Amino acid sequence: MGKIYERLMSDVRLQEGLKACINCGTCTAVCPAAEFYRYNPKNIVNIVQTQDDEEIIKLLKSDTIWYCGECMSCVTRCPRTNAPGQVIIALRTLSVELGYFVESEKGRQQYALAKVLCGNVLNYGYCVHPETFKYASHPEYGTVGKWIEDHLQDVYDRVGANYGKSGPGPLRKIARESLDDLQKIFDVTGGSARVEKIKDLSRKKAQEMGLSEEEYFNEVFNETHGEHLNQQNQ
Amino acid sequence: MIDFGYGISPSSAINLDKFDRTRFEELAREEPDVLKCMACGSCAASCPTAGHSDMNLRKVILLLGRGREDEALRMVSHCMLCGKCLIVCPRGINTRHLIPSVTKIYQKK
Amino acid sequence: MELTNQQRNVVIIGGGPAGIEASKALDALGYTVFLIERENRLGGHLGRWDRLFPYGTPADDVLGQMTASMGRVKWFTSTEVTQLNKLERGYNVILSNGLSVLADALLLTTGFTLFNASKKEEYGYGIYDKVITNADLEDYFSGIPVPAVGNPRRIGFVHCVGSRDEKVGNRYCSKVCCATAVKQACEIKQQFPDAVVYCFYMDLRMFGRGYEDMYLEAQKKYGVIFVRGRVSEVSEDKDGHLFVKAEDTLSGKPLRVTLDLLVLMAGMSHNRAVDPIARTLALSTMEDGFLKPKDSLTAAQASYCTGVFYAGACTGPKTLPETMAEARAAATNIHEYLQEQ
Amino acid sequence: MKDRFISGYNDFVLPFVIGMSFILIYLAIGIIRVIAQLPAQDRKKFFLSLINPKLWIINLKDIICDVLLHTRIWKRKPLLGYMHSSIAFGWFMLIVLGHIETWMFVPDRLSTFYYPVFFRFFVMETDHTIGGSFFFFLMDFFLLIVLSGVFLAMFKRIRSRIFGMRRTTNNQLPDRIAMYCLWAIFPVRLLAESFTAGIAGGSFLTRPMYWLFSNFLTNTYHILPTWWAYSTLLGTFFVLLPFTRYMHIPTEAFLIVLRNAGIKVSHPRKGYSIAQIYSCSNCGMCIDACPMMGQKKNLRYATVYFNRLLRRRNWARCEESADKCLMCGKCVAVCPVGVDSCNIKRSLRGLKAAPAPADYGYFSTYSLSESATTSPSSAEPAAGQEKILYYAGCMTQLTPVISKAVGTVLDRAGVNWEFMDRDGGICCGRPLILAGRDERAREMIRSNTELIRQSGATVLLLSCPICYKVFRENYDLKGIRIVHYTEYFDELVRLGRITLRNSGEKLVYHDPCELGRGCKVYKEPRRVLGAVGELVEAEKHHDESICCGGSLGSLTLSYEDRKDITMHSLDNLLYASPERIVTACPLCLKTFSPYSPKKVSDFAEVVAQNMN
Amino acid sequence: MNYEGKKKIWSEFQKEIPDDKYFYARSCIRQNFNPGAEQAFLDIVRNRFGKDFYEDPLHTTCGGIAYHSDTTPEETSMTIIARQFSLMNQAGYRNFVVSCVTSFGLHTEILQTWEEHPEIEAKIHELLWKACKREFTKPDFLMHSSDMMYHYRFLISEQARYPLINVHTGEPLKVVEHIGCHYSKIFPSKSVGGAEYPRVLAGLVEALGGSVVDYPERRHCCGFGFRQYLVKANRGYSLTNTYKKFESMEPFHPDLIITNCPGCNYFLDRWQYVIAETSGKTYGDTPGYGIPVLSSEEVSALVMGYDPWDLGLQMHQVAVEPLLDKMGVQYDKSRKYKGVGGKDLGIPASPANIRIF
């Protein structure tokens, strides 16, 4: 048993999520990612199960672990009460902690995600917020979405949202007191450190790739280079 | 049509409903042994191309039986016909002759 | 005071193959044997099966042979144990037919119950019309109408339903389902030669003499297609066909197939009817509910309770020959026990 | 002795003349076609051979030995040999003597080629001379020889076992007609000559016959019809010839010339192969020789029938037959004509194989094993010292006992060696060649050659005869000695680099097909094994040894059929009750081991066990 | 399809749902895209049924999306949720109801983890104290808003003005239910009806007069996949999975899709637009329109006679008008895209292949 494996096993999600896999494939059978990406949750569980550090590190540095959509459909079906989805979360956590995420194209996307999502949480108290959710980067928001964006306050007012105002209600402005609480929670629980780590390592990677921070953001957010899809060549 | 910058991808799943078994059945007529495979993997394990190419006879048989013919033929093109698989097959399948039969049946379109 | 064998009573609970075989053996040794069966006929699950693997022997023939001569065995069908008291020596067994027997030894041959396949909700047994169980298919083979069968072109067999499954509390392998599935796959191919038959398995446990040949025949003669992957989900399409999702684990790819009939190989669960007896006599059970023998290797027929013995599937999944052998072993054990008394 | 007729002609010669003309034209066209179909290179070889006096001598010798005297059959089955040579040589002598008589007594008739054949009809005996009587004696003598042969041939049809043949070819209709013609020709000739013996004279055979017949045949009306019959039989035989097995009579000589010119099979039904298949006498020697014939159902795959199918261009069945063949080479070894059927089958496989795209790009990922650093005796070789590269091959990978034993022996001998494919390697290419895919094998040959050159080795040591054959025949490794371990170990023993002790164990040596018949290595392994134990021979050995059944030569032989061959081969090996079977091929070892009642060992293993 | 079989399964997945007194936590996605649904929910439970549902303006996101995008440690979400519980305690409530399915799943998972690993809960007490000087006790009951709609389904049907019945044919509307994955797939026992045949929406639909359509890919994820949608480079994943569902439900011609998850609601709606605009294909009964996708709150409110534009159904890309017409809902077409007091806000651009009104 390797050190990396031991470290993984200290994660409660892995303890709960990985008993002993019997390779029955019920997880892969229903996995939305397995039909789309070159991905097979059963294989991942199997690699972790080998307890082979070398293989696990390869996994942590690969695109593979970033293909999962965390829908947890696999959890329902496993006859051994494993939770491949939870195993993935633990692997991703470790990949970030060990700084391996910048080694893979999909892992590097953590930069965009951390920046936007943690920014939203800490700045607005929401995971998603109209100030950062823009039609430009979300064209599927549709013509209606564009219309909403163009008449933000009016539309929200019309449907009874409390956009940007104090007091209760949808999209109310979260009080400073609450935002401070969130910041402190991030600080004491390692959330801030995690975000900083992602940003630091990403900046280094950006430099290495010869990109500015903004270019790096656009790169990881928009671009696909490697072969990720699992289409059959027929 | 709008270009959203992403699109729908076809599923990678094996869809047996869409698998026309005619050619596989032709193969099974020519090489009835192909039905005897129990996927033990002895052939793939002993194959001299193992570790050097993606040739895997167990998978070739499987993929042909699932309608993934292109993939199987790609693997088959790496075969050196050395016959090691023939020696190790516990089910006595004439694995070596399977290769030319596969190419013969699947080459003609 | 020395008692003759005939003056000693042995009560056997469960009139399946184990009970029948043990009762005959004990009868031959001269004991007075009472065989109690809850159903209205002897034979247990064997009575519901059409033909037996691996050679396709008709179950009726086997059962007929077994019950042809029951000797002096006093057997009661449609009878249950209503009360059971431990005495200083032996047990007082009161039956639903009013009979009260002072038993010097008790043999439990209570067998198993077939896993309730509707518990595997994702397979839709009891919901989707075209999903049936191995037992239903045996009914069909025996000539009992099973409308779900119809005239199928695509048939699937799902192994390990209710076995090797912690979610339903059965971690064990039911042992007989693989062979049964392969047997049934061949039989259904005989009935519908043009049908495509798939077996979805995790491991094919063809451990017995002749089983591997049966597997080979299924592949070569009948062209049964074996897919290594547990069915994950079954749903019904607009026309009532079954849409099955599994992984073809040998190629590592998700697999989809539409079927006209899906047969669930329901495994063996412990027989809940034995629970009250186990409680009364404080018999040990295992976490999955099966009775726990004193020692699975050296005292497989003995319980922790003096004078109580086990044979057959009450201690875990068994094949028919194993059950019969255990029954004969239990008879010998009981004989030894009674001679020492 | 002088002409009986001024014209020197009678109508009855017409059938003969027509038949003879037909066959001569047919042969001429056939020969031209064969030569035209030869690849340019081979054609050149052929013409060069015609101006080479040395080859002329060889050709002559071969033709006399093989075509007339059938020495090869003599060696194997004397009675059968006598049967063949009596007819062939006897007939040949009758023709020669007929010409000599004509030349001596009526030299001006030599220009009509029927005259010497019907000599006795056209001449009358004018006076008794010693010379004349001598020729009469010779003619009767050779006629008797031919007749004895014909009698044996008739008898063989009924009782082939007496000739040492368990099975004989089943004949087709033209064959049968031609055969009856052949059987009839000489008795009729005897009759015809006997009837004219009163006029033309005769010797110990014809003259008494004449007296016998003249007792009840008072007139001479029967003379002409008999000669008519004789001529007609000859004519019929010649016309039928191209469509029968007897075509081998004229073709074989041509085949010998082509073979001695160094021509090889390149197409299953063009050029050289035509000469080969028409040279097949359908004698059926190959039927008993074939290891597949243990099962009745395989009879149809016998080489003789393959040749016949090939003549008829029945491609589908030819292909089936070719794919089934083990390529053990035994039918070639026993063939009195030396038809190279294995190579014809190989070329047919190549011709009929589906064109399959091969992708061998991955060959570049193979490298030499790092054994240079792991082998204890792999220090830099001193100048002039040989450096051995051991190539185990695919099959030896499945029998590590061999490569281990080879290593032990080499280390003991203090040889500087390297293991080329310890971690696996590229196939030698022989299996592909056996499958008729020479062009695909070339890629393997190229890649392996590169690796071998890279190693700087001076000797390439092989433990697998399959590899050995291809390395010897198809690789261009100038400057590198290619040697099989049986030969090499024999050399080590003789040089005293290893010494052996004799355990007294009773050993039988199995000649692997590719090593024995394939590469003619017979004596080296026996010499070594003779030194470590008591060597006994199998019932059939050397070039008659029986294939183990595992051969890669067969493409379609089923597992069950192979097993039958293995059992048969084992029976043969256990003939002299040996304690152990020794083979020198990993495939034989792997094939025998599961079924042999006696221990089966590899040659290297036995050597390693018995080194001092 | 055997309904009795389903009923048997439902009987095994019963969930105890307290009738009243809840602390309400909002959903980030719903507030952004369908805020009207939350307002309708509160209005229905408070004003129509007279129940006590409290919303504290100080509550925040649970951080679930950030957590499932693997940007924050589990402790962070645990502590944020602990803070929400603390707010609940402060307000004197013991029952917690969340509007978001991701939240519901995360809350359930965290409560389960604390149950099995008390040391982790202890650590969170510590962390929350350190960060906010707060204490908390866990709620007695955790509900998702769709659980509440299910629980009140008969109250809703009592007040139904426009049941889920096609007014033209008198037939029940064919309704496809889509359950957010995190509602029951992780902990089937914490849901109404389990993971395979969830009862929560089916029960509501049946109570409101509709008939539930079961199609092969019913259980398949909508394809959100967190990072698979949020990062544009991955978005094909999301689209492809929704596409698969629509292809599978197509032969059933559903009139309406009902969801309990704010995210699914948004994706099933917007991806129909993308599929139409990239391939020209639309689904559903009415050519050129899509299948309206509404949340359980929106459906309930609509049935109870709420004005569709007050509800904010104009914020859906797929037009709801064909559905409203089938239900016989009275509505003012012209007011659809108007602001407060009829303020003219223009109208959204009309897509090429799918109609928006």
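Order of writing sets the labels: A, B, C, D and E. Residues in every chain begin at 1.
Going forward, contacts are C-beta pairs under 8 Å (C-beta built on N, C-alpha and C of every residue); 3 or more make two chains touch, one makes a residue touch a chain.
This structure is a prediction, so every number in the text was calculated from the model and none was measured.
Enquirer: I need the common contact partners of subunit C and subunit E, sorted by label.
Expert: For subunit C paired with subunit E, the chains in contact with each are A, B, in label order.
Enquirer: Quick one: most central chain, C-alpha centroids?
Expert: Smallest offset from the overall C-alpha mean is found for B.
Enquirer: Using only Cα atoms to place each chain's centre, name the chain farthest from subunit C.
Expert: Result for the farthest chain: D.
Enquirer: Considering A-C alongside B-E, which chain pair is linked by more C-beta pairs in contact?
Expert: More C-beta contacts join the chains of A-C.
Enquirer: Looking at C-alpha means, what's the farthest chain from subunit E?
Expert: Measuring from the centre of subunit E, the most distant chain centre belongs to D.
Enquirer: I'd like the Å distance between the centres of subunit A and subunit C, where a centre is the mean of that chain's Cα atoms.
Expert: 48
Enquirer: If you average the CA atoms of subunit B and of subunit C, how far apart do the two points sit, in angstrom?
Expert: Computed from C-alpha means, the inter-chain centre distance equals 39 Å.
Enquirer: Using mean C-alpha positions as chain centres, tell me how far subunit A is from subunit E in Å, no decimals.
Expert: 22
Enquirer: Taking the mean of the C-alpha atoms as each chain's centre, how many Å separate subunit A from subunit B?
Expert: Computed value for the inter-centroid distance: 37 Å.
Enquirer: What parts of subunit D, by residue number, touch at least two of the other chains?
Expert: Expected reply: no residues.
Enquirer: What are the residues of subunit E that contact at least two other chains?
Expert: 195-196, 219, 232-233, 235-236, 239-240, 244, 274
Enquirer: Send over the residues of subunit A in touch with two or more other chains.
Expert: Residue numbers touching two or more other chains: 30, 34-36, 76, 140, 222, 229.
Enquirer: Going by the touch rule stated at the top, which chains touch which?
Expert: The complete list of chain pairs in contact reads A-B, A-C, A-E, B-C, B-D, B-E, C-E.
Enquirer: Taking the complex as given, what residues does subunit C use to touch subunit A?
Expert: It comes out as residues 122, 160, 164-167, 202, 228-233, 245-249, 252-255.
Enquirer: Please output the residues of subunit E touching subunit B within their complex, sorted ascending.
Expert: Touching subunit B from subunit E are residues 232-233, 235-236, 239-240, 243-244, 274-275, 277-280, 352.
Enquirer: So in the complex, which bits of subunit C are touching subunit B?
Expert: 196, 198, 204, 215-216, 219-220, 223, 225-226, 228, 248, 250-251, 253-258
Enquirer: Using the touch definition up top, name the residues of subunit B that touch subunit C in the complex.
Expert: Per the stated touch rule, the residues are 11-17, 21, 28, 32, 35-39, 58-59, 62-63, 65-66, 68, 91.
Enquirer: So in the complex, which bits of subunit A are touching subunit B?
Expert: 34-36, 139-140, 222, 229-234
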